[in-house]
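To keep things simple, chains are lettered A, B and C as they appear, and every chain counts its residues starting from 1.
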Amino acid sequence: MKKEIPILLGLITGILWYGEFFIAGMFQENQKLFFSNGFKIAGVVGVAVGVYSVARQNYYKIKYNNERYYAILRVSMIFLMIFLGIASGTSSGTPFSSMFMNVYVPFQATVFSLLAFYIASAAYRSFKAKSVESAVLLIASIIVMLSKIPLGGEICSQIPVVGEWIMDSPSSAGKRAIIFGGYLGSITMMIRIFFGLERSHLSE
Amino acid sequence: MKKILEKLKKIDRRIIYLVVFLSIIIPILPGFDFLIFPVAPTKETKAIFDEIEILNEGDAVFIDWAFDPSSKAELLPMFEAFFKHCMKKKVKVFIYYATINGINLGKESVKKITATEEFSWCREGIHYINMEYVPIAADIRIFNMDVDFKGTYKKEGKIFEGVETLRDIDYMIGLSGSAYHFTHVDMQIRFNYKFGIAVTGVMGPDFVPYLQTGQLTGMANGLRGAAEYERLVSDKYEKNYYGSATKGMSSLTFSHLVIFGFVIVGNIVYYMDKRKRG
Amino acid sequence: MDLKAVLDNIFLNDIFVTWIPVLATIMIMSFLYRDNPLYKIGENIFIGVSLGYGWILSWEYIIHPFFIMPVNDMFVEFHFWDITNILWFLLALTMFFRFSRKKAWVANYYFGFMFGYMAGYYIPIAIQNILRQSTDLMKPMNQGSFFESSKWIVIIFGTFAALMYFFFSKPHKGVLGKVARVGIVVMMIFFGAAFGSTVMGRVSLFIDRALLLVDFPMQSLVCTVAIIIYLIIYFKFFKKEEKIADDESFV
C-alpha cells in the first residue's frame, strides 16, 4: 500500500486532467482554482522544506567542523538578510534592496560570467576537427558566430545570410528531430507514470 | 618550431583567460567608441517589434519575466528596450515575475526608467504594474487563461480596466534564461495566444522550430537580439535608446575573433602534432 | 539613534554602492587563477545572501498571502470548502517525510499525486506539439524564392535523415546507414549552431561585468591590485602551488 495508493491517486488525477483537455467545461474555472490554490499551499510547504533542509545541513557542518567557518559565514549572511528585510522592508531603496543589488546581483552574475573563460579554454583544447562530423560542427559554429557579430557583415555581406540559412534550415532540422524524440520519450515516460510502471519518483 | 609547438600544446589556461579578459574589456574602455559597429536587425527580432507597433493605445502587454541576475547581461537590456517601446506606444504593461530572484531586479530597472524625464509620466497601476510572484510556476496558462486576472495576482489598479482574463491580453512576451517557457510555447497551440520570446544565446537555436510553426511570433536571441531591439526603437523614435547591449557589441566582436583565433591555433597545433607523430 | 537611519547610512551610502559590487566581482574572478579562500568567502556570502533574500521574499509573496491570510480568514469565518485547503496542506506536509529513512514512503502520496497530475495534463499537449511539428513539415517545397525553397528542402529531408539515425530496430547498413549518416551531419550542424550561440551567450555574461568594472575604474584598479597582492602572498607563503598537469586543467 506504500506505493499502490499514491499511484492510484496519481492515476485518478491524471485521468481527470487528461479528460479536461477533451471535455471543455469538465472542470469549471472555480474547480480549477482548487488545484491552483493547492499548488500555492504546496509552495508554502516547499519553502518550509527548503528552510528545514538548509538549517539541517548547516547545523551538521557547524557541529562536526566540516567547513565550520564558512557555514557560520553563510548562516550569518542569512540572518543579516532576514534582519534587514524585517527592519527596513523589501521595497526599492531599502538596505535589503541595496544588499540584493550590490551583493547578490554582482556575485551571481560573476559566478555565471566565469563560463565565458571556460568556453574559450574549451574551444582551444577540445574543439578539434578530428573527423568529418566534428569538422562540420566546427564550420557551422564558426559561420554562426561570425553571423552574430556586426563585423561578420562587414567582412562579407553573405555571412549573415549563410548564418541565417544555417539557423533556419539544417540546425532547425536537427532540432526538430530531437524535439520529436523528446516528445515521444516524454509521452512514454508520462504513460509509464500514469500506469504505475515508472516508480523512480516514489521512495521505498 | 618544435618548441613553439610544445609551448602551444601545454599553454596555461590562465593565459587564455587573460587574453579573453583583455579582448572583452579593451573595446569598452573610454576612447574606443569607434569600435562600435551598427547592428542590422534580424527578422525574428523585428517580428516582436512589429507586433508592438500594430498595437493601439490602451492595449495590454504581458511580460513574463523568468530570469534572475545570472542572465541579466543578455535579457535586462532587452527588457529595458521593450518596456520603453511599450511606454512610447502607451500600451498597458503587466510584468509578472516567474522567479522570486527577479522581482527586485525588475522593480529597480522599471524605477530607473520611470525616473528619467522622458518616462516620468508613467504611473504604476495606470500605465504599468508589477504583478510580482505567484507560486504556480508554468501552470499559469492551464489554470488561469479564463479566470479572474486581478484575483489571481491579488492586485488592484486602473490598469485592469478592460482586462478580465488572460485572454484579454493582446501580446505576451517571455524573457527566459532557462527552459521555463517551453511549456508556454507547448500550450500556445491549445490557448492560441500571441507569444514572443527573448532568450539567452544558449537557448536561441532550440526555439527556431517553434518560430517556424508559428507558435512564437518572434524571438530576440541574446545580447545581439537586445542590441537589435535597441536599434529598432532608437531608429523609430529618432532618439538614443541605446543601452548596454549596443555598448557590449564591440566586446562581443573582439572576443569572438579571439575565440576563433584560439580554435584555429588549436586545430593547427593538433594537426602539426599529428603529422609529427606520423 | 534611529535603527533605520543607521542601516541606511551603512547600506545606502556611496562607498557601499560603488565598492562592494566591484569587490564582489573581483573576488569571484580570483577563482580563474586558482581556488582560494577569498573566492570561498565570496561564494559563501553569496549563498547566505541569496538564501536570506529568497526566504524573506518567500514569506512576503508565498507564505503570508497564501497561508497566513487564508488561515486568518478561516478563523474569522469557516466555509466548508476550506476543508479542501486543509487537505491540500496535509498532503503537502507529507513532503517532510522525505527526510526520514523509515517513513520516507509517506511522501509518496504527494509525489504520486503530483506526477500523475503532470502526466495527465502533459500527454495531450505533447501529442498536439508532435502533430504541429509534423504538419509544419508538410509544406510545398516551392516556397517562392530559391533561398526559401532550399531551406525547406533541407529541413524536410534533414529531419527525416536525423530521425533515421534514431531508428534502432534495423542495423544502420546500406541505404538506411547512408541516410543515418546524413542525419548525423544535420545534427552536428545543429550542435555547431548551438555552440556558436552558446559562445555569444557566455561571453555576454562577462561583458556585463566588464561594463561594471569600466564604470568604476578607480575601485576596479584598487581591488584588482589588492587581490593580486593577496594571491601572491597566499600562494607563495601559505599554499604551495602544485604544477597543474595538462589533464587537471579545468577543461
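Here is the rule we use: contacts are C-beta pairs under 8 Å (C-beta built on N, C-alpha and C of every residue); 3 or more make two chains touch, one makes a residue touch a chain.
Not measured: the values here are computed from a predicted model.
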**OP:** Quick one: point me to the chain whose Cα centre is farthest from that of chain C.
**Re:** B
Original post:
Of all chain pairs, which one counts the most C-beta contacts?
Top reply: A-C
Original post:
Just curious, how far off is chain C from chain A if you go by their C-alpha centres, in Å?
Top reply: 4
Original post:
So what's the Cα centroid distance for chain A and chain B, whole Å?
Top reply: 17
Subject >> Touching two or more other chains - residues of chain B >> reply: 13, 17, 20-21, 24, 70-73, 101, 104, 134-135, 142, 190, 201, 204-206, 209, 212, 222, 224, 252, 255-256, 259
Original post:
When you check chain C against every other chain, which residues touch at least two of them?
Top reply: 32, 50, 53, 57-58, 62, 66, 121, 125-126, 129, 133, 155, 190, 193-194, 197-200, 202-203, 205-206, 208-209, 249-251
**OP:** Provide the list of chain A residues touching at least two other chains, using ranges where the numbers run on.
**Re:** 21, 35, 40, 43-44, 46, 90, 100, 104-105, 108-109, 111-113, 116-117, 119, 121, 123, 125, 138, 142, 145, 148, 167-168, 171-172, 175-176, 179
Original post:
For chain B, which residues count as touching chain C in their complex?
Top reply: 10, 12-14, 17, 20-21, 24-25, 28-30, 70-74, 100-101, 103-104, 132-135, 142, 154, 186-187, 189-190, 200-202, 204-206, 209, 212-215, 221-224, 244, 247-248, 251-252, 255-256, 259
Subject >> List of chain A residues in touch with chain C within their complex >> reply: 2-3, 5-7, 9-18, 20-22, 34-35, 37-38, 40-49, 51-54, 56, 70-71, 73-82, 84-88, 90, 93, 95-96, 98-100, 102-119, 121-123, 125-126, 132-134, 136-145, 148, 161, 165-181, 183-184, 186-187, 190-191, 193-194, 201-204
**OP:** Write out the stretch or stretches of chain A touching chain B in their complex.
**Re:** 21, 29, 32-33, 35-36, 39-40, 43-44, 46, 90-92, 97, 100-101, 104-105, 108-109, 111-113, 116-117, 119-121, 123-125, 127-130, 138, 142, 145-146, 148-151, 153-154, 160, 164, 167-168, 171-172, 175-176, 179
Original post:
Which bits of chain B are touching chain A when the two form their complex?
Top reply: 11, 13, 16-17, 19-21, 24, 37-40, 42, 68-73, 101, 104-105, 107-108, 111, 134-137, 139, 142-144, 146-147, 152, 190, 201, 204-206, 208-209, 212, 222, 224, 249, 252-253, 255-260, 262-263, 265-267, 270
Subject >> Of all residues in chain C, those that touch chain B in their complex >> reply: 32-33, 50, 53-54, 57-58, 61-62, 65-66, 121, 125-126, 128-129, 132-133, 136, 155, 190, 193-194, 197-211, 213-214, 244, 246, 249-251
